[in-house]
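When the chains are written out, they are named A, B, C and D in that same order, and each has its own residue count from 1.
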Amino acid sequence: MPYNQEGPSVSEIVIQSEPIDVAAIQDKLRANNPSVGAVVTFLGLMRDMNQGDQVFSMFLEHYPGMTEKALREILDEAERRWDLLGVRVVHRVGELSPTDAIVLVAVASAHRGEAFRACEFVIDFLKTRAPFWKKERTGNGDRWVSARHGDSDAEKRWGE
Amino acid sequence: MPYNQEGPSVSEIVIQSEPIDVAAIQDKLRANNPSVGAVVTFLGLMRDMNQGDQVFSMFLEHYPGMTEKALREILDEAERRWDLLGVRVVHRVGELSPTDAIVLVAVASAHRGEAFRACEFVIDFLKTRAPFWKKERTGNGDRWVSARHGDSDAEKRWGE
Amino acid sequence: MIKVLYFARLREELKTGSESVAAVPDLRSLKDMLRARGGDWAEIFGDGQWVMASVNQKMADLDTPLTDGDEVAFFPPVTGG
Amino acid sequence: MIKVLYFARLREELKTGSESVAAVPDLRSLKDMLRARGGDWAEIFGDGQWVMASVNQKMADLDTPLTDGDEVAFFPPVTGG
(Lines give C-alpha, C1' and ligand atoms only; values in the text may rest on other atoms or scores of the structure.)
Protein backbone atom coordinates (compact mmCIF):
# COMPACT_ATOMS: atom_id res chain seq x y z
CA MET A 1 0.00 0.00 0.00
CA PRO A 2 1.34 3.44 -0.87
CA TYR A 3 -0.04 4.94 2.35
CA ASN A 4 2.66 5.75 4.88
CA GLN A 5 1.32 4.67 8.27
CA GLU A 6 3.75 7.01 10.00
CA GLY A 7 3.05 9.94 7.69
CA PRO A 8 0.76 12.80 8.63
CA SER A 9 -2.92 12.40 7.79
CA VAL A 10 -4.10 14.39 4.80
CA SER A 11 -7.67 14.59 6.08
CA GLU A 12 -9.53 17.28 7.98
CA ILE A 13 -12.88 17.26 9.80
CA VAL A 14 -15.05 20.25 10.65
CA ILE A 15 -18.39 20.27 12.52
CA GLN A 16 -20.07 23.67 12.30
CA SER A 17 -23.38 25.46 12.54
CA GLU A 18 -22.40 27.98 9.82
CA PRO A 19 -23.18 27.37 6.11
CA ILE A 20 -20.60 25.29 4.19
CA ASP A 21 -18.31 27.26 1.86
CA VAL A 22 -18.08 24.60 -0.84
CA ALA A 23 -15.87 26.57 -3.23
CA ALA A 24 -13.28 27.50 -0.60
CA ILE A 25 -12.90 23.87 0.52
CA GLN A 26 -12.51 22.52 -3.01
CA ASP A 27 -10.06 25.28 -3.94
CA LYS A 28 -7.92 24.58 -0.90
CA LEU A 29 -7.75 20.86 -1.69
CA ARG A 30 -6.17 21.48 -5.09
CA ALA A 31 -4.34 24.76 -4.49
CA ASN A 32 -0.59 24.64 -5.10
CA ASN A 33 -0.60 20.87 -5.47
CA PRO A 34 0.13 19.92 -9.09
CA SER A 35 0.07 16.20 -8.11
CA VAL A 36 -3.73 16.34 -7.75
CA GLY A 37 -5.36 14.89 -10.86
CA ALA A 38 -8.87 14.40 -9.50
CA VAL A 39 -11.14 15.97 -6.91
CA VAL A 40 -14.47 14.23 -6.22
CA THR A 41 -16.96 16.12 -4.06
CA PHE A 42 -20.18 14.86 -2.51
CA LEU A 43 -22.61 17.45 -1.27
CA GLY A 44 -25.64 16.29 0.72
CA LEU A 45 -28.49 18.79 0.72
CA MET A 46 -31.67 19.24 2.68
CA ARG A 47 -34.76 18.41 0.63
CA ASP A 48 -38.19 19.89 1.26
CA MET A 49 -39.99 16.52 1.10
CA ASN A 50 -39.41 13.32 3.09
CA GLN A 51 -41.65 10.24 3.24
CA GLY A 52 -44.38 12.16 1.46
CA ASP A 53 -44.45 15.11 3.85
CA GLN A 54 -43.42 18.69 3.31
CA VAL A 55 -40.43 19.50 5.54
CA PHE A 56 -40.08 23.13 6.60
CA SER A 57 -36.86 22.95 8.59
CA MET A 58 -34.59 20.52 10.37
CA PHE A 59 -32.55 20.37 13.55
CA LEU A 60 -29.32 18.38 13.49
CA GLU A 61 -28.14 17.08 16.85
CA HIS A 62 -24.77 15.40 17.37
CA TYR A 63 -22.55 13.93 20.10
CA PRO A 64 -19.67 16.40 20.45
CA GLY A 65 -16.37 14.62 20.87
CA MET A 66 -17.55 11.27 19.58
CA THR A 67 -18.53 12.80 16.24
CA GLU A 68 -14.96 13.83 15.51
CA LYS A 69 -13.58 10.46 16.69
CA ALA A 70 -16.02 8.46 14.56
CA LEU A 71 -15.21 10.54 11.49
CA ARG A 72 -11.48 10.31 12.18
CA GLU A 73 -11.71 6.49 12.19
CA ILE A 74 -13.57 6.52 8.86
CA LEU A 75 -11.02 8.88 7.26
CA ASP A 76 -8.04 6.91 8.61
CA GLU A 77 -9.50 3.77 7.06
CA ALA A 78 -10.02 5.58 3.74
CA GLU A 79 -6.39 6.73 3.80
CA ARG A 80 -5.27 3.15 4.45
CA ARG A 81 -7.34 1.79 1.56
CA TRP A 82 -6.52 4.38 -1.10
CA ASP A 83 -3.64 6.67 -1.98
CA LEU A 84 -5.16 10.07 -1.25
CA LEU A 85 -3.75 13.58 -1.41
CA GLY A 86 -6.40 15.30 0.69
CA VAL A 87 -9.80 14.73 2.30
CA ARG A 88 -12.22 17.26 3.82
CA VAL A 89 -15.40 16.44 5.69
CA VAL A 90 -17.62 19.30 6.82
CA HIS A 91 -20.91 18.53 8.59
CA ARG A 92 -23.44 21.07 9.75
CA VAL A 93 -25.33 20.88 13.04
CA GLY A 94 -28.19 22.98 14.42
CA GLU A 95 -31.01 24.53 12.40
CA LEU A 96 -31.15 23.92 8.64
CA SER A 97 -33.55 24.89 5.84
CA PRO A 98 -34.39 23.18 2.54
CA THR A 99 -31.59 23.57 -0.09
CA ASP A 100 -28.99 24.01 2.69
CA ALA A 101 -25.89 21.81 2.38
CA ILE A 102 -25.85 19.35 5.30
CA VAL A 103 -22.55 17.63 4.59
CA LEU A 104 -19.61 17.91 2.23
CA VAL A 105 -17.06 15.15 1.52
CA ALA A 106 -14.26 16.17 -0.85
CA VAL A 107 -11.37 13.87 -1.84
CA ALA A 108 -8.24 14.73 -3.85
CA SER A 109 -6.02 12.09 -5.43
CA ALA A 110 -3.75 11.58 -8.42
CA HIS A 111 -6.34 9.48 -10.29
CA ARG A 112 -10.12 9.51 -10.40
CA GLY A 113 -10.83 5.92 -9.39
CA GLU A 114 -9.37 6.38 -5.92
CA ALA A 115 -11.13 9.71 -5.40
CA PHE A 116 -14.54 8.26 -6.37
CA ARG A 117 -14.12 5.14 -4.21
CA ALA A 118 -12.87 7.03 -1.15
CA CYS A 119 -15.54 9.76 -1.37
CA GLU A 120 -18.40 7.25 -1.51
CA PHE A 121 -16.80 5.09 1.22
CA VAL A 122 -16.63 8.07 3.58
CA ILE A 123 -20.24 9.16 3.08
CA ASP A 124 -21.53 5.56 3.31
CA PHE A 125 -19.81 5.06 6.68
CA LEU A 126 -20.67 8.53 7.95
CA LYS A 127 -24.36 7.68 7.38
CA THR A 128 -24.20 4.60 9.65
CA ARG A 129 -21.39 5.33 12.14
CA ALA A 130 -21.21 9.05 12.89
CA PRO A 131 -23.48 10.20 15.75
CA PHE A 132 -25.78 12.73 14.06
CA TRP A 133 -29.58 12.75 14.37
CA LYS A 134 -32.07 14.72 12.28
CA LYS A 135 -35.32 16.09 13.61
CA GLU A 136 -37.72 17.36 10.95
CA ARG A 137 -40.37 20.02 11.34
CA THR A 138 -43.19 18.93 8.99
CA GLY A 139 -46.79 19.78 8.24
CA ASN A 140 -47.64 16.80 10.48
CA GLY A 141 -45.54 18.03 13.42
CA ASP A 142 -41.95 17.46 14.52
CA ARG A 143 -40.40 14.00 14.13
CA TRP A 144 -37.06 12.27 14.41
CA VAL A 145 -35.88 10.83 11.10
CA SER A 146 -35.57 7.01 11.07
CA ALA A 147 -32.44 5.27 9.85
CA ARG A 148 -32.76 3.93 6.29
CA HIS A 149 -32.10 0.27 5.53
CA GLY A 150 -30.48 1.44 2.30
CA ASP A 151 -27.76 3.12 4.31
CA SER A 152 -26.66 -0.01 6.16
CA ASP A 153 -26.79 -1.90 2.85
CA ALA A 154 -24.56 0.77 1.30
CA GLU A 155 -22.05 0.35 4.12
CA LYS A 156 -21.98 -3.43 3.73
CA ARG A 157 -20.66 -3.16 0.16
CA TRP A 158 -17.26 -2.19 1.50
CA GLY A 159 -16.54 -5.41 3.46
CA GLU A 160 -14.28 -5.28 6.47
CA MET B 1 -37.76 3.89 -15.25
CA PRO B 2 -38.66 7.29 -13.83
CA TYR B 3 -37.03 9.09 -16.78
CA ASN B 4 -39.55 10.63 -19.09
CA GLN B 5 -38.30 9.95 -22.62
CA GLU B 6 -40.38 12.85 -23.93
CA GLY B 7 -39.32 15.23 -21.17
CA PRO B 8 -36.68 17.89 -21.62
CA SER B 9 -33.09 16.86 -20.91
CA VAL B 10 -31.69 18.14 -17.63
CA SER B 11 -28.11 18.08 -18.90
CA GLU B 12 -25.91 20.81 -20.33
CA ILE B 13 -22.56 20.67 -22.16
CA VAL B 14 -20.02 23.46 -22.51
CA ILE B 15 -16.69 23.36 -24.38
CA GLN B 16 -14.59 26.43 -23.59
CA SER B 17 -11.05 27.79 -23.55
CA GLU B 18 -11.74 29.89 -20.43
CA PRO B 19 -11.11 28.57 -16.89
CA ILE B 20 -13.94 26.56 -15.33
CA ASP B 21 -15.98 28.36 -12.67
CA VAL B 22 -16.60 25.33 -10.46
CA ALA B 23 -18.55 27.12 -7.74
CA ALA B 24 -20.95 28.83 -10.14
CA ILE B 25 -21.79 25.53 -11.86
CA GLN B 26 -22.40 23.66 -8.61
CA ASP B 27 -24.49 26.50 -7.21
CA LYS B 28 -26.65 26.61 -10.32
CA LEU B 29 -27.32 22.85 -10.16
CA ARG B 30 -28.84 23.09 -6.68
CA ALA B 31 -30.22 26.63 -6.68
CA ASN B 32 -33.97 26.89 -6.05
CA ASN B 33 -34.45 23.14 -6.34
CA PRO B 34 -35.34 21.69 -2.93
CA SER B 35 -35.75 18.22 -4.54
CA VAL B 36 -31.96 17.93 -4.92
CA GLY B 37 -30.55 15.78 -2.10
CA ALA B 38 -27.12 15.08 -3.58
CA VAL B 39 -24.64 16.76 -5.90
CA VAL B 40 -21.56 14.76 -6.92
CA THR B 41 -18.83 16.64 -8.74
CA PHE B 42 -15.78 15.26 -10.52
CA LEU B 43 -13.02 17.70 -11.33
CA GLY B 44 -10.14 16.51 -13.53
CA LEU B 45 -6.99 18.59 -13.11
CA MET B 46 -3.74 18.96 -15.02
CA ARG B 47 -0.82 17.38 -13.16
CA ASP B 48 2.78 18.51 -13.56
CA MET B 49 4.12 14.96 -14.00
CA ASN B 50 3.16 12.24 -16.49
CA GLN B 51 4.98 8.97 -17.20
CA GLY B 52 7.92 10.19 -15.14
CA ASP B 53 8.39 13.47 -17.00
CA GLN B 54 7.83 17.02 -15.84
CA VAL B 55 5.00 18.56 -17.86
CA PHE B 56 5.13 22.36 -18.29
CA SER B 57 1.93 22.92 -20.23
CA MET B 58 -0.61 21.15 -22.38
CA PHE B 59 -2.61 21.80 -25.53
CA LEU B 60 -6.08 20.28 -25.77
CA GLU B 61 -7.37 19.72 -29.29
CA HIS B 62 -10.93 18.61 -30.06
CA TYR B 63 -13.28 17.93 -32.97
CA PRO B 64 -15.80 20.77 -32.87
CA GLY B 65 -19.32 19.53 -33.55
CA MET B 66 -18.58 15.89 -32.89
CA THR B 67 -17.45 16.67 -29.32
CA GLU B 68 -20.87 18.01 -28.39
CA LYS B 69 -22.66 15.12 -30.14
CA ALA B 70 -20.52 12.48 -28.39
CA LEU B 71 -21.09 14.08 -24.99
CA ARG B 72 -24.82 14.46 -25.68
CA GLU B 73 -25.07 10.70 -26.35
CA ILE B 74 -23.28 9.93 -23.08
CA LEU B 75 -25.52 12.27 -21.08
CA ASP B 76 -28.70 10.98 -22.72
CA GLU B 77 -27.67 7.45 -21.74
CA ALA B 78 -26.97 8.59 -18.16
CA GLU B 79 -30.42 10.21 -17.99
CA ARG B 80 -31.99 6.96 -19.23
CA ARG B 81 -30.15 4.87 -16.64
CA TRP B 82 -30.63 7.04 -13.56
CA ASP B 83 -33.20 9.49 -12.25
CA LEU B 84 -31.26 12.75 -12.41
CA LEU B 85 -32.24 16.34 -11.65
CA GLY B 86 -29.34 18.03 -13.44
CA VAL B 87 -26.02 17.30 -15.17
CA ARG B 88 -23.30 19.72 -16.24
CA VAL B 89 -20.21 18.83 -18.27
CA VAL B 90 -17.63 21.54 -18.93
CA HIS B 91 -14.44 20.66 -20.82
CA ARG B 92 -11.60 23.02 -21.56
CA VAL B 93 -9.71 23.15 -24.86
CA GLY B 94 -6.59 25.06 -25.88
CA GLU B 95 -3.60 25.87 -23.66
CA LEU B 96 -3.58 24.60 -20.06
CA SER B 97 -1.11 24.78 -17.17
CA PRO B 98 -0.56 22.42 -14.22
CA THR B 99 -3.32 22.73 -11.53
CA ASP B 100 -5.81 23.96 -14.18
CA ALA B 101 -9.17 22.16 -14.20
CA ILE B 102 -9.49 20.25 -17.50
CA VAL B 103 -12.99 18.88 -17.06
CA LEU B 104 -15.90 19.12 -14.66
CA VAL B 105 -18.78 16.64 -14.41
CA ALA B 106 -21.46 17.59 -11.87
CA VAL B 107 -24.63 15.56 -11.26
CA ALA B 108 -27.63 16.45 -9.09
CA SER B 109 -30.20 13.89 -7.96
CA ALA B 110 -32.55 13.16 -5.09
CA HIS B 111 -30.27 10.46 -3.63
CA ARG B 112 -26.52 9.98 -3.54
CA GLY B 113 -26.26 6.54 -5.17
CA GLU B 114 -27.62 7.78 -8.49
CA ALA B 115 -25.44 10.90 -8.45
CA PHE B 116 -22.26 8.88 -7.80
CA ARG B 117 -23.06 6.26 -10.46
CA ALA B 118 -24.01 8.81 -13.12
CA CYS B 119 -21.01 11.07 -12.46
CA GLU B 120 -18.50 8.22 -12.80
CA PHE B 121 -20.34 6.81 -15.83
CA VAL B 122 -20.10 10.14 -17.65
CA ILE B 123 -16.38 10.66 -17.01
CA ASP B 124 -15.57 7.02 -17.88
CA PHE B 125 -17.29 7.32 -21.26
CA LEU B 126 -15.97 10.82 -21.91
CA LYS B 127 -12.44 9.41 -21.54
CA THR B 128 -12.97 6.82 -24.30
CA ARG B 129 -15.64 8.31 -26.60
CA ALA B 130 -15.33 12.10 -26.69
CA PRO B 131 -12.90 13.41 -29.33
CA PHE B 132 -10.30 15.30 -27.27
CA TRP B 133 -6.54 14.89 -27.60
CA LYS B 134 -3.84 16.13 -25.24
CA LYS B 135 -0.41 17.28 -26.33
CA GLU B 136 2.09 17.75 -23.52
CA ARG B 137 5.07 20.08 -23.47
CA THR B 138 7.68 18.22 -21.38
CA GLY B 139 11.37 18.48 -20.53
CA ASN B 140 11.86 15.84 -23.25
CA GLY B 141 9.97 17.83 -25.91
CA ASP B 142 6.35 17.90 -27.07
CA ARG B 143 4.35 14.68 -27.25
CA TRP B 144 0.81 13.45 -27.79
CA VAL B 145 -0.57 11.64 -24.77
CA SER B 146 -1.37 7.96 -25.40
CA ALA B 147 -4.71 6.43 -24.45
CA ARG B 148 -4.61 4.46 -21.20
CA HIS B 149 -5.76 0.84 -21.08
CA GLY B 150 -7.24 1.64 -17.67
CA ASP B 151 -9.71 3.99 -19.35
CA SER B 152 -11.16 1.38 -21.68
CA ASP B 153 -11.33 -1.05 -18.74
CA ALA B 154 -13.21 1.60 -16.75
CA GLU B 155 -15.70 1.99 -19.59
CA LYS B 156 -16.28 -1.77 -19.86
CA ARG B 157 -17.58 -1.94 -16.27
CA TRP B 158 -20.82 -0.31 -17.38
CA GLY B 159 -21.92 -3.02 -19.86
CA GLU B 160 -24.16 -2.14 -22.78
CA MET C 1 -19.28 6.05 38.85
CA ILE C 2 -20.23 5.86 35.21
CA LYS C 3 -21.45 8.87 33.26
CA VAL C 4 -24.44 8.02 31.04
CA LEU C 5 -25.60 10.25 28.16
CA TYR C 6 -28.82 10.06 26.13
CA PHE C 7 -29.26 11.60 22.69
CA ALA C 8 -32.03 12.60 20.30
CA ARG C 9 -35.32 10.66 20.68
CA LEU C 10 -33.99 8.82 23.75
CA ARG C 11 -33.12 12.06 25.53
CA GLU C 12 -36.60 13.42 24.82
CA GLU C 13 -38.55 10.30 25.83
CA LEU C 14 -36.46 9.65 28.95
CA LYS C 15 -36.55 13.35 29.80
CA THR C 16 -32.88 13.37 30.72
CA GLY C 17 -29.66 14.10 28.83
CA SER C 18 -27.12 12.75 31.30
CA GLU C 19 -26.76 11.19 34.74
CA SER C 20 -24.20 9.34 36.86
CA VAL C 21 -24.77 5.75 37.97
CA ALA C 22 -22.84 3.28 40.14
CA ALA C 23 -20.21 1.25 38.28
CA VAL C 24 -21.36 -2.06 36.75
CA PRO C 25 -19.20 -4.70 35.00
CA ASP C 26 -20.42 -4.27 31.42
CA LEU C 27 -22.88 -2.59 29.10
CA ARG C 28 -25.38 -5.46 29.42
CA SER C 29 -25.56 -4.97 33.20
CA LEU C 30 -26.07 -1.23 32.73
CA LYS C 31 -28.86 -1.77 30.21
CA ASP C 32 -30.57 -4.29 32.54
CA MET C 33 -30.35 -1.80 35.39
CA LEU C 34 -31.92 0.98 33.31
CA ARG C 35 -34.69 -1.31 32.05
CA ALA C 36 -35.52 -2.28 35.65
CA ARG C 37 -36.62 1.31 36.24
CA GLY C 38 -39.85 0.48 34.41
CA GLY C 39 -42.11 2.83 32.41
CA ASP C 40 -40.40 4.52 29.45
CA TRP C 41 -37.10 2.99 30.58
CA ALA C 42 -38.44 -0.56 30.34
CA GLU C 43 -39.84 0.20 26.88
CA ILE C 44 -36.73 1.86 25.43
CA PHE C 45 -34.23 -0.64 26.84
CA GLY C 46 -36.50 -3.65 26.28
CA ASP C 47 -35.87 -6.48 23.84
CA GLY C 48 -36.51 -5.71 20.19
CA GLN C 49 -35.64 -2.03 20.51
CA TRP C 50 -32.83 -0.86 18.26
CA VAL C 51 -30.76 1.26 20.63
CA MET C 52 -27.10 1.95 19.84
CA ALA C 53 -24.45 2.52 22.48
CA SER C 54 -20.93 3.86 22.82
CA VAL C 55 -18.32 3.55 25.56
CA ASN C 56 -15.82 6.39 25.83
CA GLN C 57 -17.10 7.71 22.48
CA LYS C 58 -16.53 4.48 20.55
CA MET C 59 -19.35 2.27 19.24
CA ALA C 60 -19.87 -0.62 21.68
CA ASP C 61 -21.91 -3.81 22.05
CA LEU C 62 -23.50 -5.42 25.10
CA ASP C 63 -20.36 -7.39 25.99
CA THR C 64 -18.21 -4.26 26.25
CA PRO C 65 -16.74 -4.13 29.80
CA LEU C 66 -17.11 -0.95 31.85
CA THR C 67 -14.67 0.67 34.30
CA ASP C 68 -15.21 3.33 36.91
CA GLY C 69 -15.07 6.73 35.19
CA ASP C 70 -16.25 5.52 31.77
CA GLU C 71 -18.57 7.62 29.60
CA VAL C 72 -21.44 5.62 28.12
CA ALA C 73 -24.00 6.96 25.64
CA PHE C 74 -27.27 5.49 24.38
CA PHE C 75 -28.89 6.75 21.19
CA PRO C 76 -31.11 5.78 18.23
CA PRO C 77 -29.59 4.62 14.95
CA VAL C 78 -27.73 7.58 13.45
CA THR C 79 -29.24 9.63 10.61
CA GLY C 80 -26.65 12.25 9.63
CA GLY C 81 -25.21 13.11 6.24
CA MET D 1 -17.27 13.90 -52.78
CA ILE D 2 -16.42 12.96 -49.23
CA LYS D 3 -14.85 15.39 -46.78
CA VAL D 4 -12.03 13.79 -44.79
CA LEU D 5 -10.63 15.33 -41.57
CA TYR D 6 -7.50 14.38 -39.63
CA PHE D 7 -6.90 15.23 -35.99
CA ALA D 8 -4.04 15.44 -33.48
CA ARG D 9 -1.03 13.20 -34.24
CA LEU D 10 -2.55 12.09 -37.56
CA ARG D 11 -2.96 15.67 -38.76
CA GLU D 12 0.64 16.44 -37.86
CA GLU D 13 2.17 13.32 -39.40
CA LEU D 14 0.07 13.47 -42.58
CA LYS D 15 0.66 17.24 -42.78
CA THR D 16 -2.99 17.87 -43.61
CA GLY D 17 -6.10 18.66 -41.61
CA SER D 18 -8.75 18.12 -44.26
CA GLU D 19 -9.28 17.21 -47.89
CA SER D 20 -12.03 16.11 -50.27
CA VAL D 21 -11.91 12.74 -52.01
CA ALA D 22 -14.11 10.96 -54.54
CA ALA D 23 -17.00 8.99 -53.03
CA VAL D 24 -16.31 5.33 -52.14
CA PRO D 25 -18.82 2.73 -50.85
CA ASP D 26 -17.61 2.37 -47.24
CA LEU D 27 -14.99 3.30 -44.69
CA ARG D 28 -12.86 0.24 -45.54
CA SER D 29 -12.56 1.35 -49.17
CA LEU D 30 -11.59 4.85 -48.07
CA LYS D 31 -8.92 3.53 -45.71
CA ASP D 32 -7.53 1.25 -48.46
CA MET D 33 -7.38 4.20 -50.83
CA LEU D 34 -5.50 6.35 -48.31
CA ARG D 35 -3.06 3.55 -47.50
CA ALA D 36 -2.31 3.11 -51.21
CA ARG D 37 -0.75 6.59 -51.19
CA GLY D 38 2.34 5.04 -49.60
CA GLY D 39 4.84 6.69 -47.19
CA ASP D 40 3.31 8.05 -43.96
CA TRP D 41 -0.16 7.17 -45.31
CA ALA D 42 0.73 3.49 -45.70
CA GLU D 43 2.17 3.46 -42.20
CA ILE D 44 -0.72 5.24 -40.44
CA PHE D 45 -3.50 3.36 -42.24
CA GLY D 46 -1.62 0.04 -42.21
CA ASP D 47 -2.67 -3.06 -40.30
CA GLY D 48 -1.97 -3.03 -36.59
CA GLN D 49 -2.35 0.74 -36.25
CA TRP D 50 -5.02 1.86 -33.79
CA VAL D 51 -6.77 4.60 -35.74
CA MET D 52 -10.31 5.60 -34.83
CA ALA D 53 -12.84 6.95 -37.31
CA SER D 54 -16.15 8.76 -37.37
CA VAL D 55 -18.75 9.27 -40.09
CA ASN D 56 -20.87 12.41 -39.83
CA GLN D 57 -19.47 12.95 -36.34
CA LYS D 58 -20.46 9.54 -34.99
CA MET D 59 -17.96 6.81 -34.11
CA ALA D 60 -17.79 4.33 -37.02
CA ASP D 61 -16.19 1.02 -37.96
CA LEU D 62 -14.78 -0.22 -41.26
CA ASP D 63 -18.14 -1.58 -42.44
CA THR D 64 -19.85 1.79 -42.14
CA PRO D 65 -21.25 2.74 -45.58
CA LEU D 66 -20.43 6.14 -47.09
CA THR D 67 -22.62 8.43 -49.16
CA ASP D 68 -21.71 11.42 -51.28
CA GLY D 69 -21.41 14.47 -48.99
CA ASP D 70 -20.45 12.55 -45.85
CA GLU D 71 -17.91 13.92 -43.37
CA VAL D 72 -15.34 11.34 -42.29
CA ALA D 73 -12.67 11.90 -39.63
CA PHE D 74 -9.63 9.82 -38.69
CA PHE D 75 -7.91 10.29 -35.33
CA PRO D 76 -5.87 8.55 -32.63
CA PRO D 77 -7.58 7.05 -29.56
CA VAL D 78 -9.05 9.93 -27.56
CA THR D 79 -7.32 11.26 -24.43
CA GLY D 80 -9.55 13.98 -22.99
CA GLY D 81 -10.89 14.42 -19.51
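Rule of thumb we're sticking to: contacts are C-beta pairs under 8 Å (C-beta built on N, C-alpha and C of every residue); 3 or more make two chains touch, one makes a residue touch a chain.
Since we're looking at a predicted model, the values are computed, not measured.
Shared contact partners of chain A and chain C are absent; no chain touches both. Shared contacts of chain B and chain C, meaning chains that touch the two of them, come down to A. Ranked by how far their CA centres sit from the centre of chain A, the chains are topped by D. Chain A and chain B have Cα centroids lying 23 Å from one another.
Separating the centre of chain C from that of chain D, both taken as means of CA atoms, is a distance of 72 Å. Here the spacing of chain A and chain D, counted between their Cα centres, is 48 Å. The distance from the centre of chain B to the centre of chain D, with each centre set as the mean of the Cα atoms, comes to 26 Å. The set of chain C residues touching two or more other chains is empty. Contacts with at least two other chains are made by residues 44, 123 of chain A. All chain pairs in contact, by the document's touch criterion: A-B, A-C, B-D.
Touching chain A in their complex are the following residues of chain C: 5, 7-9, 54, 57-59, 73, 75-81.
Those residues of chain B that touch chain A in the complex are listed here as 22-23, 26, 30-49, 98-99, 110, 112-113, 115-116, 119-120, 123, 150, 154.
If you check the complex, the residues on chain B that touch chain D are 44, 60-63, 65-66, 69-70, 91, 102-103, 123, 126-135, 144-148.
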